[in-house]
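Can you keep this structure in mind? I'll have questions shortly.
Chain IDs A, B, C and D follow the sequence of writing; residue 1 opens each chain.
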Amino acid sequence: MQLGMIGLGRMGSNMTQRLMKHGHDCVVHDTRAESMTDLQEQGAKGTTSLEEFVSLLARPRAVWLMLPAAVVDTVLAKLVPLLDKDDIVIDGGNSYYHDDIRRGGELKSHGLHYVDVGTSGGVFGLERGYCLMIGGEKDIVKHLSPIFAALAPGKGNVPVTQSRAEKANGDNTADQGFLHCGPHGAGHFVKMVHNGIEYGLMAAYSEGLNILRNADIGLRSHEADAETTPLQHPEHYQYNFDLPDIAEVWRRGSVISSWLLDLTADALYEDPGLTSYEGRVSDSGEGRWTVVAAIDEAVPTPVLSAALQERFSSRGNADFANKILSAMRREFGGHVEKPAPKS
Amino acid sequence: MQLGMIGLGRMGSNMTQRLMKHGHDCVVHDTRAESMTDLQEQGAKGTTSLEEFVSLLARPRAVWLMLPAAVVDTVLAKLVPLLDKDDIVIDGGNSYYHDDIRRGGELKSHGLHYVDVGTSGGVFGLERGYCLMIGGEKDIVKHLSPIFAALAPGKGNVPVTQSRAEKANGDNTADQGFLHCGPHGAGHFVKMVHNGIEYGLMAAYSEGLNILRNADIGLRSHEADAETTPLQHPEHYQYNFDLPDIAEVWRRGSVISSWLLDLTADALYEDPGLTSYEGRVSDSGEGRWTVVAAIDEAVPTPVLSAALQERFSSRGNADFANKILSAMRREFGGHVEKPAPKS
Amino acid sequence: MQLGMIGLGRMGSNMTQRLMKHGHDCVVHDTRAESMTDLQEQGAKGTTSLEEFVSLLARPRAVWLMLPAAVVDTVLAKLVPLLDKDDIVIDGGNSYYHDDIRRGGELKSHGLHYVDVGTSGGVFGLERGYCLMIGGEKDIVKHLSPIFAALAPGKGNVPVTQSRAEKANGDNTADQGFLHCGPHGAGHFVKMVHNGIEYGLMAAYSEGLNILRNADIGLRSHEADAETTPLQHPEHYQYNFDLPDIAEVWRRGSVISSWLLDLTADALYEDPGLTSYEGRVSDSGEGRWTVVAAIDEAVPTPVLSAALQERFSSRGNADFANKILSAMRREFGGHVEKPAPKS
Amino acid sequence: MQLGMIGLGRMGSNMTQRLMKHGHDCVVHDTRAESMTDLQEQGAKGTTSLEEFVSLLARPRAVWLMLPAAVVDTVLAKLVPLLDKDDIVIDGGNSYYHDDIRRGGELKSHGLHYVDVGTSGGVFGLERGYCLMIGGEKDIVKHLSPIFAALAPGKGNVPVTQSRAEKANGDNTADQGFLHCGPHGAGHFVKMVHNGIEYGLMAAYSEGLNILRNADIGLRSHEADAETTPLQHPEHYQYNFDLPDIAEVWRRGSVISSWLLDLTADALYEDPGLTSYEGRVSDSGEGRWTVVAAIDEAVPTPVLSAALQERFSSRGNADFANKILSAMRREFGGHVEKPAPKS
């Protein structure tokens, strides 16, 4: 099947490669010619001209956008006038599902079809395959299924879910790693929540490992002053844990084994003190949108919210609030702030 | 009534003054003679000798300890052998109520009485009076009531609680600012929870004020990169709020008026940017014990826990966890940490 | 000064009364004639006809809307065509500040002025006065200041903030209980955050009191089974606390005294077990908007978020998530859910 | 190697079977003869007499306890007098690591060795192997390594951690699924934190799935009253998501794939509405201890704490706090509780 790909950053480039390996015919477009060279050598047609790109695609065209969310509307404004009735535009980036709903309607008024695809898998997707969460019209999604099947991991070596195996379910693609989740926006909605969960999982591991790292607190000397809570049982905190080994052992047989743990074990083995990081953690939108959706729905998300807020806090955004706390303490109790220990 | 006071830091000294103003006869003891000078000028008898201190008190003696929690047991070890049957020891500091339960039993085995008093009021207590939460034997607490009544604020100008006023309740002292809460440890248990609540209240104000302070975010220039979530509606965040004025206006007629807000308004008016603080917030034990008690009871305390943890985080204790998050993000997505903006 | 009031529910009616007591001339409008009777007896002109209402007001008119947020736009659609250049519309209800920004622009295009006023004080405002947080054009707000001054508590018996008193600040009204906070939306933004803080404060007290209530857990008999964590030290939880008395004693001299505590003490004294409540806690929007604003600003609000989510949870909205937890536990550990104890 | 196993519930029985399959010689003891029958048929020696059990073991004996934490000390009191110098006692259950530290010392004074083993794997361990986290003396742990190797999963089909593979590390057993973590208590400390993380992971999935389940909120009819926040954009919440399929698709290629997700997909496929659960979630101690340890260390754990507290709340333990919130709302705003919708 033929697919046009716009946007050849790491994700778009890897996905094009995976598609071609699975025998699909790819036409690529990027404003930077050099980002297409490798793909052209592997057999893709490439052009820096959007018009030529469109002309190279057979109708009904299928155009996949793999772009930063902030530029999708700009590119659509140029692309849509070049397309013909029944052409399909797929947004595989990290768009807000609100925008998908709007765009679905706008493209429909031009006789075009819009499909939103939440894509998970990161830099490993090229080899491992991408988990695809898809929103749009049913028949259009079905039409594109060869593309989705090629990008997705397939059944692979992930064990079959027992209860699912016992019941017939011929048409279902969930166990191949791609799924039509619902109408416009459904794909990015599910991807958004996926990322919200991801924040929670990541925080759970990192908090737990931080407890292990500080299990030696009874071995450290402590200042005795009115501003420091004394450790009541230093004998309970005499452990020097080897975090890389602990992350590794949890990978086999434990209840908390996961792909994120696999990655954590790798990162810790490479650099046990994680000295190359400052600990300023970015958030790229989906975590925020997840919590906002939960608030709209009045669904409690204490864990997902806390995970999001830890990231805000990691970037110093709680500093003013903390100063207010110190100011209050001085006001009512005459407490003077204790400076950071010299490291 | 006569009272012996051991420990003449700010709290012990102020309380002694307040007692003498109310006509009580005070004997004071501290290892530093100079800390007793002022009080002696105001009429207290003072001595650096613990033996002399005890001999100056009429039996049954009432000895109030106003000491750092960490030294109470040490002082008790010296004091108890000097006391006689039916003497009373009062711990007015910030002891863990577990220790009160233990000490209550130990002193009983010596024929002595132990009373634990949670004391709230801070540096303002000298004038405003202290809120006293008391644990111990009923008749002993009653015997000491003249002391408690002098230290407490009394009815003062705090309006009478309507429903309470409607019912007769002659014997009750809660509306005078002191209360026998229960057996040994009850006073410090209630004070512990008081402080746990205090953490929550403080955090609520400081978070809210931090939101107001950042309501100008739409006026600031923003970087557009994949690691920064774009602000979708800068037009909604164009406010330069005057925090000292807002804290002030809330003091009158609003639902959130409180004494802590009064103090916050003062601190903000003095130094609106709170530039003299670093934002490293100490915690002095009670907040931790409150959350641990809640866990023992299986009582959910999301707000009190979050308030406690913000303090831990303010002191940099989340740093390693945050580094793990950054490491995970690099592993799965190739994300590189974005450095702090130059200020 | 003359003011027209639309919407005579409890808030609008009380505010009109307070204005008339302070000598202002009030014209009132409501679709239900009976809701105006009392006010007419106290001297207000009233009419069920919106046209007549407008005609009774001298130009430039000042019209205060005290309506449910959901109907403000509907009323404005009828009102605006009846108004003349330079007339002023004030929204004193609980509008979302986004709507204020929009309405401010829309009314300006009609030559009208819009003022948003966040109003705090509840049913007590009639006597205690209302805390007013105001957004709009500076000169319009100044023009209305006699109205604001009458509604606000004034300096009253709230002690002067020390640092503020030391500096001259003639023009400032914050210490009279009303404040011009900024341009359109600023009033409701500040009120929104006020309510967000309110949620946090309320949660802090309620969690703390819940800990006290369960301090008798060591006195209760416990089942010993694999699904129940044993209480390790029952001897630490032998307290039967009197919550009404404890709430009362904290009102005097403690760090956590506040108006909300005053109300809590009243409610607990009336009904110590709060048996007339189910514990399903509504939220009326501002708490949600506060957390959403914080997320937009990337300001951490663990306490305010947790307080909001407790309310969602109180209404059963976590039930499905909890069922997933139980299902997971059965899957990996064969754990069977333990039913609720018979009460 | 020979091992004695005391306690033949599901875990102890499965572990014994796994050991025998790996060629180890097992002697078993339980007070219920019938719980040993199957194992005896598979080749184990079994006896209801503790004395006989001890006599069947060759010195130095290795005795594994697989008992509810609450009875370990009782059994030890009977067992220890029967043992001889240099015998080894292993506690593989869910003991609190504080108890391990104490017991390690007590057994040492009898010339015995104590090893604590945190065991993860649940009902799947028999086939999948158990992840073992071990605390105790180095040479004793090494002596027992054939036992640990048989119980653990081994390298299995879990991919090798890349950075680890690149460095030689011959002696390390982490990648075989068992690990000597440190001295007495280290095994259960690491297992405790493992479970704390487990709580966080579970909550993250369940909250996310709850958001998906309620993404149809815009399709439901809503009451319009002052106690209900109106849904501002019903058009954003028109999705009827198929949760079993979504859980399934996430298992392949996504960032959030994990063993817990595998189990969740199974549970949801079997019963998409989870109608067989009430949602009362037990907690069995380790989650609490994790948070308490974090508090002792002053390590922030907002996510792990929130996950723990959701469980408390799921059992109705927030009810009284919620009633206080409703009471406050009635006091200041005259708000009346809105009853639960009829289902």
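For this structure, a couple of remarks:
Basically, contacts are C-beta pairs under 8 Å (C-beta built on N, C-alpha and C of every residue); 3 or more make two chains touch, one makes a residue touch a chain.
Owing to the predicted nature of the structure, the values given are computational and were not obtained by experimental measurement.
Compared with chain D, the chain whose C-alpha mean position is the greatest distance off is C. Annotation: B-C is the more contact-rich of the chain pairs A-B and B-C, by number of C-beta pairs in contact. Chain A and chain B have Cα centroids lying 43 Å from one another.
Chain B and chain C have Cα centroids separated by 28 Å.
Within chain A, contacts with two or more other chains are made by residues 122, 203, 205, 207, 209-210, 214, 229, 232, 255, 260, 266, 283, 288, 296, 298-302, 305-306, 309-310, 313, 315, 317-318, 321, 332.
Residues 97-98, 101, 120-122, 125, 128-133, 152-159, 161-164, 167, 172-179, 181-183, 185-186, 189-190, 193-201, 203-205, 207-212, 214-215, 217, 229, 231-233, 235-242, 244-246, 248-262, 265-267, 269-270, 290, 293-294, 296-307, 309-310 of chain D are the ones touching chain A in the complex. On the chain C side of its complex with chain A, the touching residues are 255, 283, 288, 291-292, 295-296, 298-302, 305-306, 308-310, 312-313, 315, 317-318, 321, 332.
Interface residues of chain B facing chain A in the complex, by the touch rule stated above, are 10, 68, 70, 96, 122-124, 202-203, 205-207, 209-210, 213-214, 224, 226-230, 232, 259-260, 263-264, 266-268, 271, 274, 277-285, 288, 302, 306, 310-311, 313-335, 337-340.
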